[in-house]
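The following pair of complexes shares a single chain, chain A, combined with chain B in the former and chain C in the latter.
Then we have the complex of A and B:
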């Protein structure tokens, strides 16, 4: 019997089917359930009720939700920016170092191996007001007159969690940026040198445009991760002091585990997902823009 | 065609057999459930109240039939077992009595409720018992959700033998008991005699007004003579532990928090207490770091010699008396060995303070904190029966004596204190028993955790000077009122 041949595209779809089924099972169905629950009053004490958009409206008007949204956006912006500020020069340096580059690249990867929750604890000890090494150094060199309670003040606590989070993301961003940098031909820089361009001009007109793809991809992933992972905040400040580092992820956690209001927790999750989608859309727009 | 029909017929028969088998299994399970716990006669060989309150706990009749086939039971322990020597000893005793091994997971109090909730929502059978470390704030919701197994040993006679300030919290609207007390802690006031003397405090403070004055002197002296990380007084302001400071401030004025079924902190007494505790931080008498301290942190700060005073658990007498756990307590503030009032180091305890001199001594009141213990209603029947026995044993006089002596927790069964053998082994028996006698226990309605979080947030903002304290309290109370509307 002659075997019927199928087209490449059909064959590709057939091979993608198992992955698609898994995606539907692990992502699609839970997402639909989540959205469904967000329209319910679901607090285990009273019968489940359909509320329509009441949960969303409640959250929109709720001061705690708005404050935690502001904190979330601050955390996202701070963590992403700091990650990039540290990763770009690191990647740039690694791309130019030849001797010992393998060893250096390995060292750069170390923070990535540290779980975020452990990072929070480590930085918590370093920021400690009484015994922290940072206070010791800053007071010794005369930068501060006395110990500073970094985690005890809302503004410095936010900076502390941003540092604890960004520190673990720098290696990943560095690798992606490095890949982008190494794909740029050296002759372009040679030509720029001949034309008398300085380092900032080379970065602006050659490096960033040509490495845009990997950099934006790295920023996108870093951004989305900063929304969804609250490990460093949980271990460092637990959202304090006085909810100064209380982000939407913590609010979600509280609605599920402390207040036992699953409907509102689901609504918080949906808001978070929509914000992530919006940010991803912005990145993808710039990524695809010629 | 005939072959296909045969295949279809065979498939239908198999499906029918499978379905009937499942139904039969379910019926058998339901029957087992009814039979296992019902096999226990809680009032035999003696009434439950006598089995519990005698010098030695007596297992109820039928316990062996009910737990047939059960080799081990498993529960979530609040915190590490290293800090629970009484629990460890009680487990040994239970294992000797029943031959059933008790296994546990040490769960940090920060995630205990989360893990418990996971078990209950997923109807996980593998965890048979759980502790709730914020019993007063969580129990009503858990019981209301049908997430706790009724405990048949809570007869009317048993209820009458246990504190009537706590038993209603463990009881559902149907009158059944759904939890026992895992561990119970009253509060006493700790101080360092040498520190007070060095700072020029002439009299041990007995009112909160005197405490503030003394703490300021101790703080000022310490900053000059000991270092920047020594404090006049410490307390926890993270998580619900803050309430255990605010509430005594209110109770010491003869008032209560729960009014018309909801918490109200914006009363004259509430405002006094609020201003008091925020003021300690604002005026630098207590460090800002308290905003990040839980019940364990601030008491460790005291037992490591960094604070002159604290309102702490009675449990901490055992910690302070232990030279290994609290070496700093064995010396005075000048670093010289010190025996102190009872020969256990430079520290002492008194009953919690009253608000000021105008209040009667009966207002020397603090909060009583307890971890509740409940049985997973979704566990297998025989395992539930075994866990019920374990729960019952842990509230017996025999087990409570171990809690008092080995761990410094208070005894859920009040009669334990009257035992002369127990009395001679407890440190600071008088202030502790007085504290238990005047303690206040309020049960908080569902929504309490959310209300607590609002209060804690505004407390922090007021304490660091971001907002005026009374304005913060008004805003907090307004949001709390919104939760209970």
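Then we have the complex of A and C:
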């Protein structure tokens, strides 16, 4: 066989060719084009023109950009926090339940199967001002006197999109946290029990330090994904009301699809990528600090 | 101190995990239940106030509407095509790449592996514009290929990184023994490695499938013909300016959720092992 005659390293190079092609054609070239276009005035009407950093400076001074940056940060922080608040107790409970735990795990995974765009529709339907089941529940238990138009007000609309986003992220965060919890040896807890430690001490001195890696990894992924994903917002509020849930991703999409100003869109994309990398860098710093 | 002890005892009680799970399951499954219930109502009952928690007139008319008189079957078929094509290409190519990168290292092969990790930190939404411009230049806007080209970019790095941990666990001795027995390096991959890590590959394939299935923005941006739309984009068919057909929309939503749910029911353990393998080791 001919293959046999080439060296191992050449064989490796040849076999990893699909990956190398992908790196260059699918990521490298688009990245170069993105950065290139971000320095241009590029729309359908006028001839293409080199602008230098004008797009970046324009955006930096633009109120819509700054508002959507603020909304993006609120959205991703809220979604990550809510995901963790729900996922940690879930993982903790699953780690203690023996009977029927496989079935429970399957059920917990279900929201992960829901496309985010569908999650936005589902929560929009449940938050609906006129027919929404959540309004019925809240009014029935006496939380509100009459129906609330959640989607119609900026603050509650932001809360609604955060819920719709976090809902689909809880399963994954739970799985990673659970993997971390289950890797901790039971004898540690037993000796802590003998010393009379309560659950808060055990959580603080045993669970959190030892499960730190998987939990941080889960938070990193949840953060990065909710930072850059706009599907739930798209189908739930479309960025409204009054741009109350308008995030950078929506601005990017508007520049491509509605305003057709590719230079601006590219600059938004670059900002988006840089902030995303910054967030990731913070987590990775804490992960590697060990 | 007393309160803290008391709270600690409550949390340590063996019933507590079950209570927490009951609450969590209501929060996690409630929305799916409500979607299902709405889809089994007539439109008047769906928008009736107060809402009925169990359909009074249980009916499949929304599903008959969606499957019989709307383009949803076509949307579902498109989703299946996009997901299957992407999964086949990505899984096959990633198996070769990962085998090479983990077992036949060359100068720079570790850099390649790290690049795949790094790529995943770049927001896909940032690359939507260059993909759009390239596809437009190539005349591929509004074709099936445009979606697949994008979802390959989306799923490939993840597939490599998940496969890496399965390949890493495979003992080198077994590969060496096969090589001494006269197998070629590719032969060793097919006859020795792949049968053992088949479950891992299945997990990778399932996750690539689901990841493509749930994609919305790229097909929304690249396609404008009804005939080519996947279900995620197609659901907008039921969103009108004046009325939204909530029973039909929720029926469509249920159909969009079913593949994911089915995979979790039958292959939960593999999917979880794949996810923890792909993400846990970064």
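Rule of thumb we're sticking to: the second predicted complex is superposed on the first by the 270 of 290 C-alpha atoms of A that agree within 3 Å, B and C clash if a C-alpha of one lies under 4 Å from a C-alpha of the other, contacts with A are read in each partner's own complex, and residues count from 1 in each chain.
Everything below uses one rule, namely that a contact is a pair of C-beta atoms (placed from the backbone, for glycine too) under 8 Å apart; a residue touches a chain by one contact, two chains touch by 3 or more.
Predicted, not measured: the structure shown is a model, and the values here were computed from it.
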Chain B versus chain C as contact partner of A:240, first or second or both or neither: first
First, second, both or neither for A:31, with chain B first and chain C second: second
Partner chain in contact with A:55 - chain B first, chain C second, else both or neither: neither
Partner chain in contact with A:226 - chain B first, chain C second, else both or neither: neither
First, second, both or neither for A:112, with chain B first and chain C second: second
First (chain B), second (chain C), both or neither touched by A:71: neither
Which of chain B and chain C A:257 touches, first, second, both or neither: both
Partner chain(s) touched by A:177 [first = chain B, second = chain C, both, neither]: neither
Chain B versus chain C, judged by how many residues of chain A each one touches: C
Touching partner for A:79 - first (chain B), second (chain C), both, neither: neither
Intersection of the chain A residues that touch chain B with those that touch chain C: 130, 253, 256-257
Interface residues, chain B side, partner chain A - complex: 110, 113-114, 117, 141, 144-145, 147, 228-229, 238-239, 287-289, 291-292, 446-447, 449-450, 453-454, 456-461, 463-464, 466, 479
Chain A-touching residues of chain C, taken from the complex the two chains share: 4-5, 8, 11-12, 14, 16-18, 20-21, 24-25, 27-29, 31-32, 34-35, 38, 46-51, 53, 93-94, 96-101, 103-107, 109, 112, 115-116, 119, 121-134, 149, 152-153, 156, 160, 184-186, 210, 213-217, 221, 232, 235, 246, 249-250, 253, 256-257, 259-261, 263-265, 268-269, 271-272, 275-276, 279-280, 282
Residues of chain A defined as touching chain B within the complex: 44-45, 63-64, 129-130, 146-147, 149, 151-154, 237-238, 240-244, 246, 253-254, 256-260
Chain C contact footprint on chain A (complex, rising order): 1, 3-4, 8-20, 22-23, 26-27, 29-31, 33-34, 37, 86, 89-90, 92-94, 96-97, 102, 104-119, 121-123, 125-126, 130-131, 133, 136, 167, 170-172, 175-176, 179, 198-200, 214, 217-218, 220-221, 224, 227-231, 234, 249, 252-253, 256-257, 262, 265-266, 269-270, 272-273, 276-277, 280
